[in-house]
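Here come two complexes built around chain A, the first alongside chain B, the second alongside chain C.
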Partner chain A sequence: MSIGKFLVKRLLQGVLVIWGVITIMFALRAVSPGDPANLIVGPAADPEIRDQVREQYGLNEPIYVQYVDYVQGMVTGDFGYSFQSSREVTTMVLERVPATLELAIAATIIAVVIAVPLGVISASRRNEPADYGATLFSLLGISTPNFWLGLMLILLFAVFLQDPMETYLGFSFPQGRRTVGFGEAVITLVTTGYAGDLLTWVRHITLPAITLGTYFTAMITRLTRSGMIDEFGKPYVTATEAKGIPYVLIRYKHVLRNTMIPIITVLGLQLGTLIGGAVITETVFNWPGLGDRLIQALNARDWPLMQGIIVFIALGFVLINIAVDALYATLDPRVTNE
Partner chain B sequence: MTDTDDILRVNDLSTRFFTEQGQVNAVDELELRIERGEVFGIVGESGSGKSVTARSVIDLIDAPGEITDGEIWFDDAELAETVREDSPDAVDGSFVDLLSVSPAVRQSLRGTSFSMIFQDPESSFNPSLTVGEQLAEAVEVQRRASANPRSTKAKTDSAEYSFGNLLLSTVLPSQQFVTEESRERAIELLELVGIPDPVERAGEYPHEYSGGMLQRAMIAQALAGEPDVLIADEPTTALDVTIQAQILDLLDDLQTETGMTILLITHNLGVVARMCDRVGVMYAGEIVERGTLEDVFDDHVHPYTEGLLGSIPELEGANGQLEPIGGNVPSLLDHEMEDRCHFADRCPMAMEDCLDHPPEFDATGSEAHTVRCVLATRSYTERDALPPNYFGDEERPAGDKHAEPDRSDGEQPAERTQTTISDAGGESR
Partner chain C sequence: MIPDRLESNLRQGFRESLLPKLGLVLLASILIMAIFAPVLATHNPTRTGYLDENGNSYPPLGTSYTTEIGQDGEFVEVEVESTSDHLLGTNDIGQDVFSRLVYGARTSMLVGLLGTGLAVLIGVPFGLISGYYGGRVDDAMMRIADTMLAFPSLVLALALIGVFGSAGFGIPDPLTRFGLIDGMPESTMLPGTVTVVVALVTWVWFARVARGEAMSVRNEEYVTAARSMGASNWTILFKHVLPNSLTPVIVLATIQVAAVILLESSLSFLGFSGTTLSWGYDISRGQGYQRTSWWISMVPGLGIVFAVIAVNLLGDWLRDALDPNIEGEGGGA
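And now, the complex of A and B:
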């Protein structure tokens, strides 16, 4: 099977998944109690106005007509209007995407940059102090809840250390609250040569990214360690040693590369989850991302917005998975043949 | 085999594994002489220490294993010259003791002076690199070694490929370990071992090869370094009988062509008969009988050798039953090994003399024929025989389990060929 065919197959599967998500969302809304019209105009409104609103939003149609309309809208990219603010859902989702993507990618980069070397060290110095340190770190990282870590980091850096850091280092890590986007900051840097915006962005994203990335770092460290130890035990490693090639090649070109194949899958899945909104982290840090907006939508029972966000998340998840599969297929030649 | 000089002299080699159950004496004070250009076979049951012996020679013993004692003298005048400066004690004439030189020097011999063929070709190749690339790596080792002739420390320092090189190679093709010349040579090697369409095949991955093809590729890989000594550890065990014959023919041809020395590890006496000039029968970490093919096949003294030969099925007059050797491979755990003939508990002719550990006696036949059994000096008498239940009549726990830390994924079905003695073929470290 060629890589093209492989991708087409995965894309078709992805379409099915999205359709499933849309349908489930619709069903949930249909069976959930409460009259959406109340949410739009308020419970105290005139019944006539309420009827008008129902008519306007198509809530009086039979359920299958509503479903067809709804799916049609989704397919054409029309997610409807928010009950709460009457703004277009598409806009409300898209304006929050950059913040979420920035956070998710920053957390992933932190995780990979720290976890893979740590895992390699841990695996190559098994049962030595470095290994114990890394193992302890990953245990702590896996068992620390996000919200607690976030609050502690805020307390430490944004409260206690803020003044001393400002005084002695000239910078500090604020609580979050993204004031400038990465894209804008880069554009400013390129066009005007002013790096201040980018640095501000870095300072603002540091704490949330660490909070979000810690669990992930810990997990990848473990996976890398156990994966490498496993891989080192395979006969081909002995056979490669017998060839007499430099040790660095055995460790990285052969063993680490093969270890990374399953880890990349995990990375992709995790990135998908992170895009799904790091709800807790975004809330703790007041980070204006999708997760933050999803909580708002949930609290207001703003169905169109909720659906829009969830379908978008599902879409992101599916696309990332396809990308991971494609990458997997190039890394592991056996995949496409199966 | 015109020369009669030794290329390898192994003295008192002991390789032990330090496991949770205790110390395992996988190879125990082993003596071995291998002549340049010969094919020397080591035959024995699994767990007898034959694989560990081979791996000790090429320095592939991993923790918890360790070479605890002994000398491995390797005849290489050029190497002797290089090493003499740093470690004069490790040099004797043109011989170098591989266990006394620095690890870097020892490591540098892998892939150049010594190569190895493994039992299971499918698991001995990295599944995610092309066969051509993996062969090219082996070629590159040899290329770099000959570009940097051993002068003092040149071999170990300047030829080293560092992490920095590896990082750079992701952007600079010139920093890659494997060069284009090596890739071309890899294709030639594939052709040499009879792989059709070598250019295409070089770009394929191991899973696209059949087992026999892959074993040919592994032989090609081992030849890439133009080794002086080729160690073949059960090279045909994982293959079908017809493919086995092809692989043996190939090895035979290549040996005739290049004049390399082969140390052949096998449990298959048919392979020994087909390939070897001399043979050593290994049991419980020792060579119990050694000599030329005729010595071992026709003039053998040791009851264990007798037992091995008795467990070969015969095609003609195949009405008799196979005679397996009773009992199990002994435990090689240090605290369970007694200072006696290790085979005595399974030996049909065990006598009181066998309670002392026998030295190697000369036996009839060629000069090379020695045997570690008192039967070389006296004959069996009922009067001295040990009572049948002397060692306890209950069976010992399966020695195999303790014998060596097995890599269980290397397990092969045992009875695949007619001349296979009972052996799980477990690959051991």
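And now, the complex of A and C:
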């Protein structure tokens, strides 16, 4: 099978999965107790007004008509209107995407930059202090709930160390809601040459990104370590060593490259954990992303908004997984032969 | 259930490394905490009002903090000292933090073990059938599994709880019910919805593993032999294929207990778990009081960290000894 064919097959599967996701979300709303009209205008409202509202939101139609409408809307990018604010769900979702992406990407960068070298060092110095340190760190990292880690980081940096940091370093990590997005900050920098906004953004994102990234740092460290140890035992390593190629080159060029393939696969599978982690990290840090909005929607039982966010997250998740598969297929041609 | 060759692997792994021993000791301590909570707790964990005369919470033993109180229309700084009555202090509404730490172990362990057990019961038969029959059955069942995997587990769990609410029910506690110990709660709240929900969002990992195992053994000679003797597909599946697929399921189940504990604590942190006697919930209680009362959030968090470390250490040991190629879901939080 060529890579093109393989991708088409994966895309078709992805479409099927998204349809499944939309159907599950619709079914969940259909079995959900309570009259949606109550949520929109309140239980005390005039029956006439409630009828009007039901009419307006299409809640009087038979269930299959609602389903077809719903799927049609989703396909055309129309996610309906929020019960609570009457705004378009599509807008409410899209305006929150950048903040979540910033957080997820920052966390991933932190994780990869720290974890890969740490894993390599750990594997090359097996059973030495550096290895024990890395192993302990990664055990703690995969065992710590990130919302608690976030609170402890706030406690440490934004409460205990705030004054000393201001005095000696001239900056500290702010506690409040982020004031400027990455995009705006970059635009300001490019158009006016003012870097202050970007620095503010960096100070705001540091603690949330560490919070979200720690679990992944720990996991990638473990994967890199065990993957490298497996690879070290293979004949080609002995052969390259025998040829006199420097250890550093063997380690980083040959062994690490072969280790990356399983790491990428597992990372693709763990993206759900990253997104789930983002939801809860955003709540802790009051970060204005999708997760923050999802929790608000859940608390208000705002179904259209909740469905919109969840379908959007699933869509992103499926697309990223297809991208990971494509990357995997280019790295390892055996995949497409399955 | 576990072949001899692997059993000796297990023994060797246990003998040669400190980590599985540490995991076992930690897990045993937490289980003892959970089972004998009424004996170990110093106060009723739900009783409020253990505050000093100005209404301030007590700090952990050996520490103190300063806070401001209103006196004669002015703010006056006072020093709040700890008391030996409350080892780890009290929270914002004056509940004993140590007793809540002890009781919180119950919720975590109950949901962790029952939730994972339920996920095994759903996922393993699903995967076995899918892998054993293959073909179109397998295709259809795997698309269902893919759809489940398209939801991040925390997000799906939140959606399910959004629909079904979060109910719990009390399990009578024999230690207090029969009057052996006074002044402790007579039953423990099991967050029932959350237990079912965590199973519903994690079963698919068991299905994947069981499917792989079923596919690899379905053409083995003993299966063909059983078939030639007229055994039905169900007999073959549950009498022959299942026992031979259990090793990786055991490994995955151990890892998943850790993931479920983290998932439960995330849900109760967000206020969706249906019980207020839970580590995650207690962490959220302390959120607003970080500046002075840091212990309210810190203590229950350490409970989670130790519980998850214990399970992870055992999981690592089992995985290294039994099956190096297994992928679980990981933390979810």
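Basically, the second predicted complex is superposed on the first by the 323 of 338 C-alpha atoms of A that agree within 3 Å, B and C clash if a C-alpha of one lies under 4 Å from a C-alpha of the other, contacts with A are read in each partner's own complex, and residues count from 1 in each chain.
Convention: a contact is a pair of C-beta atoms (placed from the backbone, for glycine too) under 8 Å apart; a residue touches a chain by one contact, two chains touch by 3 or more.
On a predicted model such as this, the values are computed, not experimentally measured, just so you know.
Upon superposition of the two complexes on chain A, no clash is found between chain B and chain C, which fit side by side. When the two complexes are overlaid on their common chain A, residue A:Val266 makes contact with chain C while staying clear of chain B. Using the contact criterion defined above for the overlaid structures, shared-chain residue A:Gln52 touches neither chain B nor chain C, since it reaches no partner.
Judged by the touch definition given at the top, the superposed model places A:Gln296 against neither chain B nor chain C.
Using the contact criterion defined above for the overlaid structures, shared-chain residue A:Glu241 touches chain B, although it does not reach chain C.
Contact comparison for chain A: of chain B and chain C, C touches the greater number of residues. Looking at the shared chain after the overlay, A:Ile24 reaches chain C, while chain B stays out of its contact range. Geometry note, superposition on chain A: angle between chain B and chain C about the Cα centre of chain A is 80 degrees, to the nearest 10. Of the two partner chains placed by superposition, only chain B is touched by A:Tyr252; chain C is not. By the document's definition of touching, neither partner reaches A:Thr90: not chain B, not chain C. Between chain B and chain C, the smallest C-alpha to C-alpha distance in the superposed model amounts to 10 Å.
Comparing the two complexes, no residue of chain A contacts chain B in one case and chain C in the other. In the complex of the two chains, the chain A residues touching chain B come out as 233-236, 238-246, 248-249, 252-254, 257-258, 261, 331-334, 337. Interface residues of chain B facing chain A in the complex, by the touch rule stated above, are 58, 60, 62, 107-112, 114-116, 118, 120, 123-130, 134, 137-138, 140-141, 160-163, 165-166, 177, 205, 207-208, 218, 221, 224-225, 407, 409-410, 427, 429. Those residues of chain C that touch chain A in the complex are listed here as 143-144, 146-147, 149-156, 158-163, 258, 262, 265-266, 269-270, 272, 280, 283, 286-287, 290-291, 294, 297-298, 301, 304-305, 308-309, 312-313, 327, 329-333. Of all residues in chain A, those touching chain C in their complex are 13, 16-18, 20-21, 24-25, 28-29, 31-32, 139-140, 142-148, 151-152, 154-155, 159, 215, 219, 266, 269-277, 279-280, 283-284, 294-295, 298, 301, 306, 310, 313-314, 317-318.
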